[in-house]
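Naming follows writing order (A, B and C), and every chain is counted from residue 1.
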Amino acid sequence: MELKLNHVLESQQFKVPRIMELFERTQAMKKIVARGGTLDYQNKILASLFYAPSTRTRFSFESAMYRLGGKVLSTEHAREFSSEIKDENLEDTIRIIGNYCDAIVLRHHEAGGAARAARNSLVPIINAGDGTGGQHPTQALLDLYTIHNECQTIDGLSVAFIGALDNGRTARSLAYLLSKFDRVKLHFIAPDELQMKPDILEHLDENGISYELSNSTKGLASKVDVLYITRLDRERLISKHVDLEQYNVGASLLKKLRKDAVILHPLPRSVEISSEVDMDSRAAYFRQAQNGLYVRMALLTMLFDENN
Amino acid sequence: MELKLNHVLESQQFKVPRIMELFERTQAMKKIVARGGTLDYQNKILASLFYAPSTRTRFSFESAMYRLGGKVLSTEHAREFSSEIKDENLEDTIRIIGNYCDAIVLRHHEAGGAARAARNSLVPIINAGDGTGGQHPTQALLDLYTIHNECQTIDGLSVAFIGALDNGRTARSLAYLLSKFDRVKLHFIAPDELQMKPDILEHLDENGISYELSNSTKGLASKVDVLYITRLDRERLISKHVDLEQYNVGASLLKKLRKDAVILHPLPRSVEISSEVDMDSRAAYFRQAQNGLYVRMALLTMLFDENN
Amino acid sequence: MELKLNHVLESQQFKVPRIMELFERTQAMKKIVARGGTLDYQNKILASLFYAPSTRTRFSFESAMYRLGGKVLSTEHAREFSSEIKDENLEDTIRIIGNYCDAIVLRHHEAGGAARAARNSLVPIINAGDGTGGQHPTQALLDLYTIHNECQTIDGLSVAFIGALDNGRTARSLAYLLSKFDRVKLHFIAPDELQMKPDILEHLDENGISYELSNSTKGLASKVDVLYITRLDRERLISKHVDLEQYNVGASLLKKLRKDAVILHPLPRSVEISSEVDMDSRAAYFRQAQNGLYVRMALLTMLFDENN
């Protein structure tokens, strides 16, 4: 029997049937929004507790809550603004705010912040990113939903990750999720010093997922179904003497990609995608951002329905 | 035939019939608010995207949206808070946020920011001020509505602008709007080095609007129907060796003004109005601020109704 | 006859019948929230105008407004964000914002800020803390409600305040409120240099309230019904050569406290409570935070109902 969904903390917590249930709910949400409808969550309140700012992610959650008919409490920079005192602790804040809402979306600056919050919370916690090495599970879920929606399947797909993968929170979370599916093949394309970290690779080994590491897209473009691009920090790359051009997705790479490939990026982007890519029908990153709304609506309904 | 209202970017875009339609809607909004009513925009979401903070303007728009029955996403300082990365671009942000709302109110720190946003937006953009040399069209519309409401006409009015006019966004936008009416006469009262810029004067010339430049209110007070005061930056004036007293509106100027004159100020004010003016019935600047609510409600209904 | 409740500025303004009316309404609100209900204030807008940030207090008010069915305008750091100009005055801001809402919750950084605001406001002002030496009346009301709820009475109680009492806004406001009840006995436990200030002691003398000052809990624990702990600023205490241990509430003090004593703290806390206290059934500070929601809902309904 499936456990109740208490909190959304890390992508590993989701098993395949749960993911499929989420995707079905997501489809339903899409239809409701398309016809300008709303749902019956008028008396529910979502608190956005962002210790570090992220306008897009916050708006995505808050819009989802509004489309459900609910209400929103919001702080966009709690780390700076929470209180006059410096040593206020996250645990007390979460314990108190739980009295004022029905769920908390938390972005915290420390890895593990969401799990600490969950241990002290009266209401469900949704991790909207915790720390550089932490997780961002709803991003991974919307990434996966987009892959599923664009490719009609996940099993058997070949997915390439490109960029600074060592502290790419979104790439890490998505790799965990993909490891739950059958015959998936992963490619990690990054400069050696920015490659995917061993903890993820070990997890893939344990789950029998095949993967390849490389430091160039050479020979790869024609093989992948999904190209997942992550943010490049120009200054960090220059300091590591990495040739930025190598990891840029532009016209020359587009030519080599399959006709039915899907290009994803969690956004915001920096220098890693040339503007000509936006016009290509394979570029799915704006559809991906839009799916964030539906996936988050679906997740919120699951949390509210199962914790009533 | 009137074009659809896609975006509200600059005051010039409004032709007189549109302005009159807006003012009729504004009257209707006033009545609805007065009787504590609301409208049927429950499923609409307005996003306030303020790159530079302005609590009053933001609250005015958000209150308008609430009085329509709608919902609000809000960021009060997106320039500082939008993201961990520095080089995030406005175009992508607008493209993404359009998925989460039905209209965006944008205050941007660069002139032309609103037009750039509009080119990339899925939903209507309302310019709530872009840069020092930019526009603030809804302020100009509420200023004009207040003039219309206080004087029962706009044609034939004599309107004096006083203050630092060179980078007065609100004075510039209102001058554009007034140039669309008949037999309007404008007076620009400012120190020579802070006078209204040539682009506006050329525009007035082209439209056959008569205007006068002067650096003192001497001989003018008895001639004007409307006195539009703009903000004086004390330090800037001192650095330019301007005599602040000259441009202050106080008891002595009040005595010379006509009994039926109207005193406006976009607020917030600095040193340019003495407190005794507040008690004078000709001081209309708080009514002007109140009209902001009704004009913005009316504008939002036009945008929603025409972009459905 | 009871006067209309125009503003909530300081705890002294409340007389006992009013307080009892508030507590009855609070009980009603508790029941409504418990059954997931809402009230009929859909067309009311509350503006949160926080010049200094306090996420918990702000969320408590905003949640209260949502549970009433209403809407919320919010700024979390108006001092930094209100406007491009530095010399904008509170009076104008309040005068303008009153057009956009039905009540204003104000946190201001200067003592007396709330009273200044009330003199210029079109709508009720609720003081959510003004300055270090100022007031925080809704905190005092929820503290008092918690005492009433835990002890079933206020008359005759022995209440000890412990901590840095000299600039403890919450302790000061609560002392004012307690002075309205019969046979109350107060104890102020603080290092001499941080003791309760003479203005409060004089007020207690005038009202015939007996109190004791001491700099240690010695011999006191077994006598008190309520222990009201306030925040200790570690650095300030060290600079005053105060032994922090002396004023810490932990296991050894718990042993001496009566079985039916009630431990309160306005939160957030710093070093003054050891974590083992949280598990003790006498620790009522999280229930106290929860009561903030109901008391604020009740206060808002009184303001809206009496200013319609």
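In the analysis below, contacts are C-beta pairs under 8 Å (C-beta built on N, C-alpha and C of every residue); 3 or more make two chains touch, one makes a residue touch a chain.
On a predicted model such as this, the values are computed, not experimentally measured, just so you know.
Participant: With touch defined as above, tell me whether chain A and chain C contact each other through largely the same residue numbers, more than half shared, or through different ones.
Facilitator: different
Participant: Since chain B and chain C are copies of the same chain sequence, what is the angle of the rotation superposing the Cα atoms of one on the other, rounded to the nearest 5°?
Facilitator: The best-fit rotation has an angle of 120 degrees.
Participant: Hey, how far is the Cα centre of chain A from the one of chain C, in Å?
Facilitator: Centre separation, chain A to chain C: 40 Å.
Participant: What are the residues of chain C that contact at least two other chains?
Facilitator: 74, 76-77
Participant: Which residues, counting only chain A, touch chain C once they are in their complex?
Facilitator: Residue list for chain A touching chain C: 42-43, 45, 47, 49, 71, 73-78, 80-85, 87-89, 92-93, 95-97, 99-101.
Participant: Taking the complex as given, what residues does chain A use to touch chain B?
Facilitator: The contact residues of chain A facing chain B are 36-38, 52-56, 58-60, 62-63, 66-67, 74, 76-77, 231, 233-234, 267-271, 286, 289-290, 292-293.
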